[in-house]
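The following blocks contain the structures, represented as structure tokens.
Look for chain A in each of the two complexes below; its partner is chain B in the first and chain C in the second.
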Partner chain A sequence: MTGTYDVIVLGAGPAGASAAIEADRLGLRVLVVDEQEDAGGQFWRMPGPKAARAHAEPDGNDLRARLRASGVTSSFGRRAWFIEPGFRISMIGPDGIEEGTASALILATGAQERHIPVPGWTLPGVFGLAAATVLLKAQGVLPGRRVTVAGVGPLLFLVATAVLKAGGEVAAIVDVNSRRDWLGHSRGLLSRPDLALRGASWLAQVRARRVPVLTRHAVRRILGTNTVEAVEAGPVDAAWTPIRGGARRIECDALCIGFGLIPLTDASRLLGASHRFDPTLGGWVVDVDRDQKTSVQRLYACGDGAGILGAAAAPLRGRIAVLAAARDLGRLPTSSFEVQARPLRAALSRSAHFGAAMTALSAPRPGLTNLISPETTVCRCESVRRAELDAAIAEGAVTINDLKSATRCGMGPCGGKICEEAAAMLIAERTGSAREHIGTATARPPLRPIALDPLLGEFNYDALPIPDLAPL
Partner chain B sequence: MSDFDLVVIGAGLMGCASALRAAEGGMRVAILERGAIGSGASGVNAGTLSLQIKRVGLIPYAMKGHEWWAKAGDAVGFQQTGGLTLAFNEREAKLLTERMGLKIAAGAPIELISSNAALAREPGLTRRIVAASWCPADGFASSNRTGTYLRSLLSAAGVALHEYTPAQNIERTDRGFTVDTTVGRFGCRRLLLATGAWTKQILAMLGLDMPIRVRVNTVAVLERGPRTVGSVIGHATGLLTLKQKSDGTVLIGGGWQGRGTPASGRGEVVADTLLNNLRLARFVVPGLASFRLLRSWTGFEANVPDFTPLAGALPGIPDAYVLTCVRGGYTIGPYIGRLMGDLILGREPEMKLFDPGRFADAAVVASD
Partner chain C sequence: MSALIRFRFNGAEIAAQPGQTVAAALLAAGVRTLGRNPVDGRPTGMFCAMGICQECVVVIDGRRVEACRVVARAGIDVRAG
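Up next, the complex of A and B:
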């Protein structure tokens, strides 16, 4: 798929695929890149061979059909590993390295899960909530026979319902929020009655199966020797700090646990765009204006990667981003841009309300770090325990980069995707610093680890461009 | 406003080593650092401690530097593995023989060895070696641990360290200098600039200019893998450094150029040069083909046209000093910083420093 385009879209989830289709409609040459084998992203994920195709979300099938019918060049099964300004995107796939260049780039890279390392979280049988949705949707595989679902937000009920539907048992739902927390966001939820209704149906299914729902509770420990055997849950206060006593043991063979979603910002950080910390959008997020433009010329961001507003808002933001790119490339008159963007913005404002309510409901509260005991491994790639992080913070590590240098936390294969959020919360708790000061790890290529052999290809030693010699 | 005998701007290896020496000599010392301690070149270089890649004139300093790193030991991940430098064609072999000959004459414990002897030491190397040299003194440390280690030394020595405190303005006063920062004004009798690639901007605050240029060196790390190579591996041209750490990760450097400037605050890796750096590494150690590239980054390295350190008194400004542009500064920094501390204390350094006055013609003292 090496070639030159008007626009490249990175990510083919609800935002990216919609953006690509819109770009094609506007007559732009467009390339969409995704490491999955088809469009849909995580939310409308394409079911794998083991899962019944009928189980796919109808909206996802519709999106895939429209993409196939369009003139969009789709580069699936390719992983973008490097993006250079201007823009040149290098990706690796089954045939080695391919490159796309375009003067406009739209990032639609989605979200990642916020993990809180509860003691025992590295045991086999522990899954992220978002990871569990992939397992259930794409693979049609149950995380366990008897599953505890824990953490925060709407994914709790989505996963519990999916487990029940797939024939599993849900041992309990352990929700750090109270009923009042949920009700507090009812206005936001009702901005999209269709989606609120869907949530209500999940709740009804959970009730009908008499699944215990523990509100204002958190999993304190995950028990088991080689795999999950049980979890210990107990009450938390309004800051989500565990309250003494009230612990109960829940027998289960799997735990799905997650604490909300965080925008994936590696690509926008790599390109030097400005970012800000906004808990209502999931944390660190790339700055975009109402046209989805970032601070870098002709770089746009949409979907959950530009702030967690959910799958309903994503396609709208993707289409607005492309309209803005077309305008900025001189391919769409400003007046047409305004006419076409207006209805999208109106619809976005309703969907964004809903998404923002869900994100606010999931925004982490400071007490969560009390769930991480001193012996608990926070960075599993480099085996760094909380006690080591606390010691380094006490010795003066006040930013994520400091802590990374001092302890190797986040230096492993995951690049901090799993541990960075918890590490930043620990610095905040220990130093009282704002997350703006704690920062993020500097984004560095490759975007994901990449095998050298396909990356380097065939080469001849004598043809390597040896630069000028260092002086003697 | 506090009054210090010495304010050092820049908490890299050289600034910290100078501060430690001055504090040892009884001075009240403060260090002002724009970012975190040891987060510039001191913390992002590839960690190579190799006499084979040092300039001939700096060999005696590098040997003293090695002693400091050996003493720091585990706290900085120091490992004396020995190092091999390799040539793969006649041109490189000639270069290797000539250059290593001069370094041997300068006192480095380097020996020229056969390609078979190199392969006997490192069976994971390519069979295409034409010539090789070996230095048992060579090794490496983990540069990311530099800052944490220096912080503990400064704290024990009573040096006032101010991180995230960029110098914004410097004024000369009748008692020395004042340095304005985001957290207030620091007064001092003497001033040392140990500001690495940012020295040109800081010199401008004193109305000076020197022909300092900046290189943007690329470093890459491969995900941990099977034990493949034990020593530090270099290339006759100096364009490769490679070592596998005890955790199995592999660090690759060699001064391949990224882009960016210190003024913009960030350097960027350039895909094509990174790939060629990695190709050279994979050619030399074929087993790396099965490893994964984990991360790559850049660090700024300052130099002057004669590639010799700027280390001494600033021309025309009494009680102001500069220490930067030390090629091989990671190895040499701790020692040359100590010499600098001695100079500031008014003692005769045990080895000569490198007078910045040689650029006095280029230095422009502001007329106001």
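Up next, the complex of A and C:
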């Protein structure tokens, strides 16, 4: 909604919605913006069809109820496409363009999935693991009748269990990690016994249904002409490099595949905040201090967008960010800030421990790039194959921006969000360069694709004053 | 069971549950190919389901939008992107 606020929160997931509710409690005028139709973000997503509501996360329902009961102004169904310092947010929604201004901005933009292109991954019927959670939990739709679930991390078991619960069949779970990798993080997992128990129940359900679990395996190829007909999986070594032989064909009609989560940083990059590459937090991440403050004055970041620590840690970071913003705006005495932030920080350190263990389990290993064959499309939008990227790197492309200008990789409508991580891993592999030097693509508006006609509004070209031409 | 919502995809009738997105309704109806890639012509379909990848872009009543972000409404005309 167009207007002026004390605080704007971008994103209404577990972090953003909690931040907004806390801001309202502190008496701040607060606007929360999200492109979805309700709060919850990706993980606590509001189910669309009634049939899917039984699968809704109870925590998400609670969050939505608390947000509705608060005095927060919620702008749902709005896509924020530009943010100017100071802060002014430009949005497009069902009623056209809107603008919000505020002295403090809290980014709670969440995460996206990391994708590793394997041959055949552009076929319809291949979905991200995160996509599968949306389809199963929020849309009440199975990705396929017989589904292979592949990649890394806890989403493998969450998705497999959800497929079974919805009446589908799981052809196999293909996990690049070994059982030992999982056990290696058991201390971190046990920091939140409730969440560890939930994971154990997923595993028990998968076992009870005799779903084949291939550990230290990866999908090497996806087979089919117009859609998925089968996948070929084979063993990988400790660096996740495919080992010769041992390939097996798995008959299935859908594949859900993902390799962990990465923070969405385009908004904080657009605003010029400082960032660093930290694999323990999912990759490129905005720098925040213990109050969730970024390097830009009155800009705060929380939730998975400020490092992948999971949905349990997100609300705590959101509330700390708002307490800090209220203090910095002179609306909360420093002593009250300290008193209120202390218990949140204590709870955060337990939840963050759990989230960090999950992120470490999912951190990509260098062998993964060997799954990308020369003919595999890396940039889906612009159809750029690995061989073209390799050639550009051999000719001297050493940063993501170099590769983008040389090959158009990342220049399509998704803005490089799907291919950038794989492209950066390829540069790292070929040049031995650190990710800090490879960088990210320069963030530019629009943050997400938008239609131009709402921006133009009722503009009438005939009304443009055109001066008479000067006589020759 | 609430009444289904009916819309058209490339002329064929598709039924959606109230509240379901166009992409989810099409997937449930067995439609996986939602368009063609403008560069190499390969079939494209829903991939990220959260409005990021742009693979599920279709034309709804003359406007290009992500099918995974639009809730199905009765009578809309959806064309492959």
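Convention: the second predicted complex is superposed on the first by the 457 of 472 C-alpha atoms of A that agree within 3 Å, B and C clash if a C-alpha of one lies under 4 Å from a C-alpha of the other, contacts with A are read in each partner's own complex, and residues count from 1 in each chain.
Note that in this section contacts are C-beta pairs under 8 Å (C-beta built on N, C-alpha and C of every residue); 3 or more make two chains touch, one makes a residue touch a chain.
In this text the structure is predicted, and so the values were computed from the model without any measurement.
Visitor: Just chain B (first), just chain C (second), both, or neither: which does A:Ala208 touch?
Guide: Neither partner.
Visitor: Kindly classify A:Thr122 by the partners it touches after superposition: chain B alone (first), chain C alone (second), both, or neither?
Guide: second
Visitor: Is A:Thr442 contacted by the first partner chain B, the second partner chain C, both or neither?
Guide: Touch partner of A:Thr442: chain B, not chain C.
Visitor: A:Lys417 contacts which: chain B (first), chain C (second), both, neither?
Guide: Touch status of A:Lys417: second partner only.
Visitor: Which partner chains sit in contact with A:Gln42 here, chain B, chain C, both or neither? Use first/second/both/neither.
Guide: Touch status of A:Gln42: second partner only.
Visitor: Once chain A of both complexes is superposed, is A:Ala451 in touch with chain B (first), chain C (second), both, or neither?
Guide: Touch partners of A:Ala451: chain B and chain C.
Visitor: Touch test for A:Gln139: chain B only (first), chain C only (second), both, or neither?
Guide: Only chain C is touched by A:Gln139; chain B is not.
Visitor: If you stack the two complexes on chain A, which partner ends up touching A:Asn226: first (chain B), second (chain C), both, or neither?
Guide: second
Visitor: Scan A:Phe459 for contacts with chain B and chain C and give back first, second, both or neither.
Guide: first
Visitor: Across the two complexes, find the residues of chain A that touch chain B and also touch chain C.
Guide: 412-413, 449, 451
Visitor: Okay, in this complex, where on chain A does chain C touch?
Guide: Chain A residues touching chain C: 35, 37, 42, 47-52, 112-113, 122-128, 130-132, 134-135, 139-141, 143, 226-227, 377, 380-383, 412-414, 417-418, 448-449, 451.
Visitor: Which positions of chain A touch chain B when the two form their complex?
Guide: Residue list for chain A touching chain B: 82, 84-85, 88, 90, 272, 392, 395-399, 401-402, 404-406, 408, 411-413, 415, 442, 444-446, 449-453, 455-456, 459, 461-462, 464-467, 469-472.
Visitor: For the complex, give me every residue of chain C touching chain A.
Guide: By the definition above, chain C touches chain A via 2, 17-21, 24, 27-28, 32-34, 37, 39-40, 42-55, 57, 63-65, 68-69, 71.
Visitor: Spell out the residues on chain B that touch chain A in their complex, using ranges where they run on.
Guide: These residues of chain B touch chain A: 36-39, 43, 53, 55-56, 88-89, 95, 99, 102, 128, 144-145, 147-148, 151-152, 163-164, 222-223, 237-239, 255-257, 266, 268-271, 274-276, 278-280, 282-283, 288-297, 307, 327.
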